[in-house]
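Okay, got some structures for you below.
Across the two complexes that follow, chain A remains constant while its partner is chain B and subsequently chain C.
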Partner chain A sequence: MMPMPDYYEFLNYPKIVSGQFALENIPSELDGYHAQKPLVITSKSIVQRGLTKQFVKAFYDSTVVLGGIYDEVRDYAGISQAREAAQLYKARGCDALIALGNGPVVDLAKAVNILVSENLDHLGPHFDGAAPARPLKPLIVVPACSFNGWEATHAMTVDNRRLVADALYPAAVFIDERITIGCCPECLAETGIIALAQAFEAMTADGHNPMIDALAHPALNLLAQHLANGAPRPSDSSACMALANAATMAAAAFCNAPPGMAHLLTEALGRATGIAPGKLMAIILPAVIDMLQEQRTPIKDDVLLALAGLEQFATSAGPDRGRSSLRIMLTLVDSLKKTLPALREAFQIQRHLLDQVAHEAAGNSAGRFTVPQCLTVLTQAIQEPAS
Partner chain B sequence: MQAKTITGTSNRALEIDLTSRTFREVRINETDLELYLGGKGLGLKLLYDRLTPGVDPLGPDNKIVFSTGVLLGTGAPCSGRFEAVTKSPLTGIMASASCGGPFGMALKTSGWDALILNGKAEAPTYLVINSEGVQFKAADGLWGKDTDSAQDELLKEGNGALVIGQAGENLVRFANIRSGHRFLGRGGMGAVLGAKKIKGIVAKGGEVKIVPVDKKKFVKTNRKFFKAIEQNPMTSGSFRYFGTNANVNPSNAAGILPVRNFTGGSHGEAHKISGETMAERFKTEWDTCKPCVIKCGHKGTIKGQKRHIPEYETMGLLGPNLEIFDPEVISDWNELCSYYGMDTITLGGTLAWAMEATEKGLIQTQLKFGATEGVAEMIRDIALGNGIGKDLAMGSRWASKKYGGEDFAMHVKGLELAAYDPRGAVGQGLSYATANRGACHLSGYVLALEAYFGMASPHATRWKHYMVKYFEDAFAAMNSLHICQFTAFAVQLEPPLIKLTADFVIKLLNQNLSPLALNLMDLSLWPELWHSILGKRYIPYLSMLKFRKAGERVHVLERYMNTREGISKKDDTLPRRLLYEGRKCDAKERTVPLEPMLEKYYKLRGFDANGIPTKKTLKRLGIEIK
Partner chain C sequence: MNINKYPEVKPGRKPLKRIYLAIMLWTVGKAIPVAAKVDPEIKKEFEKLPKNFTLRLMVQPERAFPLFFYTKMLPGFVVKNGMLPYGLQMILHIDAQGKVHYQGADPRGKKFDLSMAFKNLEAAMMIFSFRESTPTGYAHDRFVVEGYLPCATTFMRVLDIVQVYLLPKIIAKRAVKRYPKWFEMPPWRKHINRIIIYLRAFTF
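Right after this comes the complex of A and B.
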């Protein structure tokens, strides 16, 4: 029986448009916002992969004029580039933004949106926690490979500073196989493992609610079906679409739940070492699952239902369901070992940094995890397996 | 009392455990001396044998080794230098620094070739070293004092001292160690001593006299050395008369002077801080390491006081890089850094980051490019750990991770760039990216060929991997002798074969067949000098090739130690600004094309594609795999 919480909140704003020819619907979507001249923000790698050409084709038959393409984003979203793009936006008289890409591209687009909507030169007040005071310009997100789901949410990370505000939700997210197609197995695996952790942690978090479950459940289900087979085959468009949808759902659920240990440790360790979150998650998630197994933490039955389907769920005895779901999670992570091998660098993380990371993660957990708990998981995660 | 005479080297190292307040004599393995030469190489080997990877640089398990070279104390020219190696609290990897202060001579003439510090003292302590060993003395009265007054106190007990200022005590990650008016500058060694609660170390000195084994050969080689130095226009001309700031005008002309946090490479007002201008304005005179024949260190009368003239790196990074062109103001800041004991290069890079971050709304400070207001106060705040100064005291990498602005934090592996912009000399870009301690200009000074001497094309990538490796090996060997790196200008460029070949021919050769051009350079004076001091005690003859191989061994050992701390290809990179942003001072906007040079460099070095030395390479060099 589904427990009903006494009180909960849930917000997920953007319209999701997913499937074949999704891109062709962008002009009419913009029309709905009375926008006619969007600035496209993207990265050099997207341009090099020819995805901007594909994207521009979708506008051939429309009256929408692209105000410009800003393609200077690389692996970091910073205020310098946000200012540059904002200048371009103003100079071209744009009235909307389209982020074509992943992480930093979308973060930068959100930052540009604040600058142009509030006519600011920097994000100072917002870095201090102030939410945007007025409605922002319409922002459309078209995710590409290595999509971590956060792009479709109300969070952005610019200059390593995270800002969370409802106004930052994009107006719409367009998932189209022509753009979402994977660039390499590693990127897809990173997308998948982050989504897996987000969906799992959202569904098992203390403060979860039926709306979170409603999104995390299908996300886990899609991942269970497509992660192992899809990640090594970036050209498999149906798997890419499934993973992108799963990532979108997982992040929408996750950003409404308190962050779990895997997420907190990955974030803190990433900041300390500069290693990509997907690569770190590949070693931290198994360690978190091991801890849950050791502590015999009760895992709700629905996780098994999402991961294994009705048949296995029905044939498992009630008390075994939690343990079975953890085993399946580990099998899923294991299936990525070839695509996402544990990094040598990850095993060489300096021991004295672990303390700092554990403190940071525990500090950000609002008292849900202790420093020793975090340290135990970290130590296990970076322990090199015997060769 | 007549000093005891040592022929060659004493081969004694003093190992001190600060926790238990004990010490022991360690015999230096003769094979190690042959393989690593001394100085930096031997220091690294002693550290390698003792350091566990992953330890906290500011914890008791970190070690710091002070190591002298075979040449020190013999009267060899420009040999008044010693080296320190440790794990850096700024970068988390190996740091090495060379210093021309009197401590090295005092340590060696106390009968010790090296000093190793382990553990952590319980309370502020200073150490007094003599030929018998060490005395541990309470530093209560010294703790909290600046480097000037602390050093004056310590020198009452010996001929040479090492001392930290308040910056080291407060664990500023780029605190340095002072000896005389010279510093072990980079990598935060002052914080390592501060964490060990060591305010200073004084060596009695004068207890031992060092004489070369083959005196005749030593005198003969010395003579050749002097001659080369006197013939070379850098060592006997520009550096001697204008100091290292003789580099300002050539750097400005070549577009490699850092301007406004490396957004520009030249500036119309740069001449105001040139060596030529300062020599005239401040009536400069020599203020050198000892012994030295180049005499690049200068002092002058500034604001009515005799002050050491800031070196080129300080001038560049606290000057144009902050858009300041008043040498008196830069000298004031340099004096403050000396007083508190802080590295001016990292400070300049961090202040420039803070100015740009302020401009972009990431932090709130009074700092502004082109304005002197608030800078001196910020230097104090950094040293004393006040306000945002406490965050800036961690360096630009740390600050940019906290506040953002990583794209304009100008560091490699956490160490801020020296005062050369590699967009005007791309080989230097590769050298910054691969240098073991971070963005170090002294690892392989390729820019001299590219930007100053016209011997290599500054924007071509061809053969730059070879040049970088060649100079890295040569400089690692020189730092192991240990001799001043500026002697390279004389030793390498004065032999007739290279001197009589026109620069454009060398440039052409360097561009098309660099190994041939570089091998025209005769390095033999260095190994000859080393060998004349040790005689045939170790090896019958130290050839130029063996000398270069020793340098290679030192460089690769340091790299291997870094890879054990997690360093790999991902870290061999440059700040985004240098990789992606062009400059207005260039007719055609240029960036550093790092990737293709890096791949070739790894192959040449015998590293795998991820930048890790292969087992085969380590075996070839005789480095024990741990």
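Right after this comes the complex of A and C.
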């Protein structure tokens, strides 16, 4: 029986177009927004992999002219680059944005969107809490390689500052195997583990609702089927597509739910140490699951149904279902150990930094987690396993 | 910043695919009016559509696919009756008597009651190279339909039956939702109708 919440809010964005020749639908999607000249924002690594050529070919026999391909993004989105791209956007008379890539590329595209839509030169007012005053230009995201979990959401990180606003949701996410196929096993594993944590935390969060379940359930199901086998094989297009879809669904569910402990800690620790969130999640998620097991936190039955399928769900006794789902989660995380080994840098994090991270995470949790709880999980996570 | 470092990218062209699709749309378009005469099922389907009804099947975006260059050199009646393939549209008209006419690929001066458009060239190629069946393409949202939806589904059923007549079984099986069993469409009826359709449609 699904309990009906007394009250909930859910914003169902973005549109997802996934499958064979998905990219060729971008011109007709842009046409729906009366846009004909998008600016493409991408990174050098995407250009080097030849993905921009594939991408441009998708616009053949259309009336869409690409206003330019701004390929200066590296592993960091900054306001100076956003200003440059906005200048290019205005000079070419563009009317839409396409982010071809992951994390920083999408963040930069969102920042450029605010600058050009609001005719601003900096993001100061928005970082001070002002929401974008008018609808932004259509932003299309074409994820490539890996996901950091925020591409399909209403958040962006520019100059290490996070901005969250509903207007920042991309209009559509296009998942096409020609672009989305993973570049390395590590990238896929990072994508998978972040998506796993997002879907799990969205589904088990306090304020979850039927709409969150509707997205998190298939995401967990796809991850359970494809994560262990698909992550080590980036050339396996069906597994890559499944992981990309799962990541998009998990992100859409996650940004409608309060963030869980794994995310709060990963984000805070990532900011403090500069380590990639996927790598941190690989050590923090098992520690969070261990804590849930120790505290005997009740986990809803649906998680087992999503992770293990109907047969195992039906053969498990009611009270065991929560524990079984946590065991499966741990098995899934363990299956990535070869692809995503625990980082040596993570084991050398100073104690005072852990205190700071625990305080930050507990502060951002709006009272759902305490500092000692966060500190316990962190200490366990960065404990070097006995070899 | 030197903006010339990031030049504009104009879309390229896929001429061979355009020619292939023009021929396919022309072939199907020419065959439908004849099939409506010889096949009772198609006749019944067309009876469901209103009289004086014009429909078209095309590839979007319309502006990207002008009529072929030689259209200007052809006599008017050749273009009007669609005697040669010259564009990525297929226009059919049902007159006041319920008779179906193929009206070529030139949309100028015509008002459409139903317009079905493939969202892009590759979507049309998927269907017309039989990698995806017409109903699957419809389910995958490869078309944009403007008009009354039941008329569109009627036309999809007509397309399904016409493909059975036009294509050999091995290909038609991939193109249609379900290939008819022998008792639904006996082989003698299928082969005789196929010969009639090919002869009457393509002998001007």
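Assume the second predicted complex is superposed on the first by the 386 of 387 C-alpha atoms of A that agree within 3 Å, B and C clash if a C-alpha of one lies under 4 Å from a C-alpha of the other, contacts with A are read in each partner's own complex, and residues count from 1 in each chain.
As a convention for this text, a residue touches a chain if its C-beta (ideal position, glycine included) is under 8 Å from a C-beta of that chain, and two chains touch if they have at least 3 such contacts.
Everything quoted here is computed from the prediction, not taken from an experiment.
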{"item": "Superposition on chain A - do chain B and chain C clash or fit", "value": "fit"}
{"item": "First (chain B), second (chain C), both or neither touched by A:L269", "value": "neither"}
{"item": "A:L66 touches, of chain B and chain C: first, second, both or neither?", "value": "second"}
{"item": "Touching partner for A:I98 - first (chain B), second (chain C), both, neither", "value": "neither"}
{"item": "Contacts of A:V288 with chain B and chain C, given as first, second, both or neither", "value": "neither"}
{"item": "Chain C, chain A and chain B - angle at the middle CA centre, rounded to the nearest 10 degrees", "value": "140"}
{"item": "Partner chain in contact with A:V56 - chain B first, chain C second, else both or neither", "value": "second"}
{"item": "First (chain B), second (chain C), both or neither touched by A:N25", "value": "second"}
{"item": "Chain B versus chain C as contact partner of A:A155, first or second or both or neither", "value": "neither"}
{"item": "Closest approach of chain C to chain B (Cα atoms, Å)", "value": "11"}
{"item": "Contact residues common to both interfaces of chain A (with chain B and with chain C)", "value": "none"}
{"item": "Chain B residues touching chain A - in the complex, by the definition given at the top", "value": "53-57, 59, 92, 360-362, 364, 400-408, 563-566, 568, 570, 576, 580, 610, 612"}
{"item": "Partner chain B, residues of chain A touching it in the complex", "value": "72, 74, 76, 78-81, 83, 121-124, 127, 158-161, 271, 273-275, 344-345, 348-353"}
{"item": "Chain C residues touching chain A - in the complex, by the definition given at the top", "value": "1, 3, 6-14, 17-18, 60-61, 63-65, 119-123, 126, 140, 144"}
{"item": "Complex interface listing, chain A residues touching chain C", "value": "19-21, 24-25, 27-28, 31, 56-57, 59-71, 84, 87-88, 91-92"}
